[in-house]
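Alright, structures below, take your time with them.
Same chain, two partners: chain A is paired with chain B first, then with chain C.
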Partner chain A sequence: MIIPDRSEYLKALAQSGQKIMGVLPALYPREILWAFDIHAAEIWDPPGELLHANAHLQTTICPIVKKSLEFILKEPDIINAGYLFPHTCDSLQNLGTQVKDLIGVSLPVYTFYNPKGSFNNTTTKYYQDILKNFQSTLEASYGPLDPEKLLAACVLSHNIDSHLLAIQLARMTDHLSLNNLEYFKLMRAQEYLLPTDYLSLLEQVDILDQPSETPRARLMVSGILPPTSEILEFLDELGVSIVADDLLAVSRRIPKFPMDVPVSPLDYLTDRFFILPSCSTRGGDLDERLHHLSKLMNASQAQGMLFNMVKFCEPELFDHRLLVKTLREKSIPVLTLETELESHISGQDKTRIEAFTELLFEMVSP
Partner chain B sequence: MVDLYFVGVDVGSLSTDVSIIDHSGKVLSEIVIPTGVNGSEAAEEAFDSALKLADLSREGITAITATGYGRASVTFATGKTTEISCHGVGAHQLFPRTGTVIDIGGQDSKVIQIDSRGRMLDFTMNDKCAAGTGRFLEVMANRLELDLDELSSPANIEGESAPISSTCTVFAESEVISLLAKNTPREEIVHGLQRSIVNRIWSMVTSIGIEGEVTLTGGVAHNRGLVTLLEEKLGLTLNIPENPQTVGALGGAHIARRAYQRSLEPATN
Partner chain C sequence: MSIRTELRYKIMKDYGAPAVMALQNFKKRKPRPIPEAFGPPLESNKRLKEILSRHYFLSRYVPGVKKVAWVTSGAPVELLRAFDFYTIYPENHSALVGAKKQGADYCGIAEGSGFSQDLCSYARIDLGHMLSGKTPAGKLPKPDLLFCSNNICQTVLYWYKAIAHELNIPLIHFDAPFVTSEQTEADINYMAQQLQDMIPVLERVSGRVFYLNIFEDILKRSMETSKTWGTILDAMKAQPAPMTIFDAFGHLAPIVSLRGLPVAQDYYHILMDEVETRVTQGIGAISDERYRLIWDNIAIWYKVRFLATFFAERKMNFVTATYTNAWAETTGYLNVKDPWNSMAKTYGQIILNNNLKHRLDLMKKMIKTYSVDGMVMHSTRSCKPYSVGQFDLRKAITTDLDLPAVILDADIADERVWSEQQIHTRLEAFCETLEGSKHG
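Moving on, here comes the complex of A and B:
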């Protein structure tokens, strides 16, 4: 299974004339974009130094927002159809406004205001209204949307979800022969691959008939993004497998359970949104989130939880304290790492991770 | 029975410590030397000195655990374990009723919770800053032109304390400079600095809580003024090891002993 390199892939796609929209984290109706033949290239943690973004943003803004702005300011030629800012948090919403009104990027800037709170009549109606508005906004630039294409996009999305659910389950039960780094590379490839290419990749994933060798310790990870490649490799070296996750970039964007094949796009999109796992960025109910986490921990037999916290991420920090407290009360070992999306792991963090794994190994040793 | 000897080598940022024990856990020798710029050389030197003191040779050693931030540079070790686990095990060996270990090391501080067998249950480490560490005291001692012993004199804890509000070493140093410029008595500044470290440690302790007896490890445990303030703040009496700097190395030696015993288990089944 070969996963194409993100920037080379997107460059080639742009050169082929593909419309590409830069999409900021995290939740947006990708199916509507696909139906307009627009490819969504997600911008989470673009590489590169912060040179200009700091001039526009406060120091206490999270690195995802800063790095995204740096990326946008460079006017990358792979993005040709504009930028989409879902309302994930206040920082991203502000960035959307800033980019449009103050910095004045040349490409169109779109916003998408996801409903906060859980499923009820008001949030459902609101969500359906914003879906229709988003569609109309794009129609103003790209002409009327073909309903058949939207349905086909929903079916494609459903297909991808079904594969991802099966892969997640295989991961939890050791039926996947991928290490931590390979697993998260695969899961994150959906951020930039065309949905058809991503589906073909998922179809190649080998789900084993028998469980593979049990790792020395099993870990669950929560936060916005998976730990950096260096940390994932380090965990691989130590024999620790991340068997389940509660990451915004990964599992919080996959429905909690399989859905029926779409018949009505509007209903499908609405149902899909509301059966996503509870998330701090949607103002979800904390008890529901805790319940979901403990279900995942049980199903995957994870022995501990690693919180990979993006520095200054307000929504996550808001829930974090209580989540840690509750897990500790249940005697579940917890480790919190803070990341500024640096690519190198500090000596202190290395010691933290190693000590945490020693703690997990002691739990499993006689 | 063949004599079995186990060694812990703790390469810290300020000092390198070695502890040698026999099969029963009896301490045969302990050594503390400055790490200097080369952790690997310091480990070799400390190991040789400890062997000499115990009248042993390298060939007679059964297993060696390397620990501390420079653990990877100890090429002669047979295993490596983090200083967090080692301090837990070391404190348990010295004070078996220890439930919480506070280790104030050269470049970081940790609070570790351990169970009744010395196994780590939880831990927290200070963040990316020298505040609340041995380095903080060293920087301040330099600035105040005192040696570390003078900085720990119990007489210093009497009387007024100068307010040091920064938790950052660099900013705290500027505060000290301003206080000196205002002719604030050095005793008051020292007291203020000790209080600032204690507050820093206190916030770490509260983040994971206290269980059982509390043992203080690391060179800072020699600072009597700080110990008194910390005891006052925690409302309890701390266990202070005779050699607080070698607790990590001692834990390492016991971990080496335990690993050796475990390696024999399948054969005896």
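Moving on, here comes the complex of A and C:
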């Protein structure tokens, strides 16, 4: 299984004339973009130093926001259809209007509001209105949407979700022969591959008939993004497998359970949004989130939890205290790492990971 | 509700509170000398103090008599008033803690229990209060209900969720979609419907029935109070301005926390009469107002006195602020005949829930109408919706209006963030530029 390099892939795609929209984290109706033949290239943690973003943002703003702005300020050729700012948190909310109304970019800037808090019929009706408004906004630039194309996009999305759910389950039950790094590369490839290419990739994933050799220690990870490649490799070296996740970039964007094959796109997109796992950025219920995490930990038999916290990320930091407290009350080992999306792992963090891993090993063979 | 509890509350309301207030006045220490740079202080200060002290004092006797709600500053409180909730505003309480320079202590309690130091200090102070029971207000009642709206920030939702979980009480959230260009019909319908959906929940928690006519009266009073507050702020267009924005930061408390109640309405008439008299008589808040400034963002509560004096001594007066204006800006949308939709428009379009083009246009308008010479922006680590975008707002304003501006990095209520030397250097440089620009 070969996963194309993000930058090279998008470059080639742009050169082929593909419309590409840069999409910031996290939740948006990708299917509507696909139906307009627009490819969504997600911007989470683009590489490179911060050279210009610091002139626009304070030091206490989260690195995802800063790195995204740095990327946008470069006006990269690979993005040619505009930027989409889904409503995720206060900082991304303001960044959208800052880029559109104050900084100014040559491409159009779109926004998409995700309802917050507890959901009911009023929220459902509103979400459908938002979807329709988003479609109308794009129609103003790209012409009328073909309903058949939207249905096909929903079916494609459903197929991808089905594969991802199966792969997640395989991961939890040791039916997947991918190490940590390979697994998260695969999961994150959906951020930039065309949906058809991504589906082909998922179809190549070998789900084993029998469980593979049980890893020496099993870990679950929570946060916005997976740990860096260096940490993932280090965990691989230590014999620790990440068997489940509660990451916004990964499993919080996959429905909690399989959905029926789409018939009505509007209903499908609405249902899909409301059955996503509870997430701090949506202001979801804390008990529901705790219940979901507990279910994942049980299903995956994870022995410990690694919180990979992005510095200054308010939604995550608020929930973090209760999650840690609850896990500790259940005697589940917890490690919290704070990241500013630097690529290198510090010596101190390395030592902490090693110590934490030893604790997990002791639980495996007391 | 027991007869004894109710009786105790009534006695405290009618006799206890006035007696305590009288005793406070009697025991009052010798007032601090007022620096020469200031004009005569506002007489209304005394009444303001009485109102707020009474509100906090009576809150101790409220449990068992009225249901208590903790509310965010941007939430449509009029609806709660229709059910006679006793409302406490944690943001106001945190500001009070900050003003008393106790923010770090309360934040420390929250941090010690696992909340990150990177979170909003209003939230950390409130969580510190919740976990310890500490308060400079004597004692605050535990809430029966939490009521928040993300029209000021998403933070309040995360914060109130944490309280709701800890205290195991209901949380009502009013979801206000961010206005990226203008409110859509769908946004308005969504918010209007949410308000109506709240009624059965509020009836259940309060044990009271909703009456539309009572609600309309409250709405009318709230509207009138906000308009009066707007008139008071308008009076600061006069030269010299009858009060400073640092005064207004204090006088803001009733419009935030007692909005919809007769006490707030009456109070602002008193204040309005006083500022209008001062305008007529040419009495300024500072003795020699040469420069007029605009303040952006929430106050730095633990440095209000320092900043007021620093600027007054340089003959500079803050005559307007985006912050104080927030409780007057969208009142015009309120319409008693169309309560739900008009509340959606009023509460959905407030400054922090509106795009930065709106904010830039508003600031430019304020700079013009208040004859402003310079701008001070407080970049606070606690408030992302207020702070993200300030660098570009400053650039746009200094470029388009040729107006000197400075950004102060600080925090609203956590005094540990204050860097004396850095702020002093920036302020001195700003003052030099301002003086040069006006006389150059």
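The definition used in the following text is that the second predicted complex is superposed on the first by the 364 of 366 C-alpha atoms of A that agree within 3 Å, B and C clash if a C-alpha of one lies under 4 Å from a C-alpha of the other, contacts with A are read in each partner's own complex, and residues count from 1 in each chain.
The rule is short, and it goes like this: a contact is a pair of C-beta atoms (placed from the backbone, for glycine too) under 8 Å apart; a residue touches a chain by one contact, two chains touch by 3 or more.
Keep in mind that this is a model prediction, so the values were computed, not measured.
**Q** Using the superposition on chain A described above, determine whether A:E362 touches chain B (first), chain C (second), both, or neither.
**A** So A:E362 only meets chain B here.
**Q** With both complexes superposed on chain A, which partner does A:E314 reach: first (chain B), second (chain C), both or neither?
**A** second
**Q** If you count the residues of chain A that each partner touches, which comes out higher, chain B or chain C?
**A** Touching more residues of chain A than the other partner does is C.
**Q** Can A:P333 be said to touch chain B (first), chain C (second), both, or neither?
**A** A:P333: touches chain B, not chain C.
**Q** Based on the superposed arrangement, let me know which partner A:E354 touches: chain B (first), chain C (second), both, or neither?
**A** first
**Q** Touching chain B and also chain C: which chain A residues?
**A** none
**Q** Taking the touch rule as given, give the residues of chain C at its contact with chain A in the complex, in rising order.
**A** 113-116, 118-120, 123, 150, 153-155, 157-159, 161-162, 164-165, 173, 175, 177-178, 180, 184, 186, 189-190, 193-194, 197, 355-357, 360, 379, 381, 384-385, 387-393, 395-396, 409
**Q** In their complex, what parts of chain A are in touch with chain C?
**A** 55-58, 60-61, 65, 87, 89-91, 93-98, 100-103, 111, 113, 115-118, 120, 122-123, 125-126, 129-130, 133, 280, 283, 285-287, 311-312, 314-315, 317-322, 324-325
**Q** Could you list, by residue number, the parts of chain A that touch chain B in their complex?
**A** Per the touch definition, chain A meets chain B at residues 328, 333-334, 338, 346-348, 351-352, 354-355, 358-359, 362.
**Q** Taking the complex as given, what residues does chain B use to touch chain A?
**A** 69, 81-85, 108, 119-123, 125, 127-128
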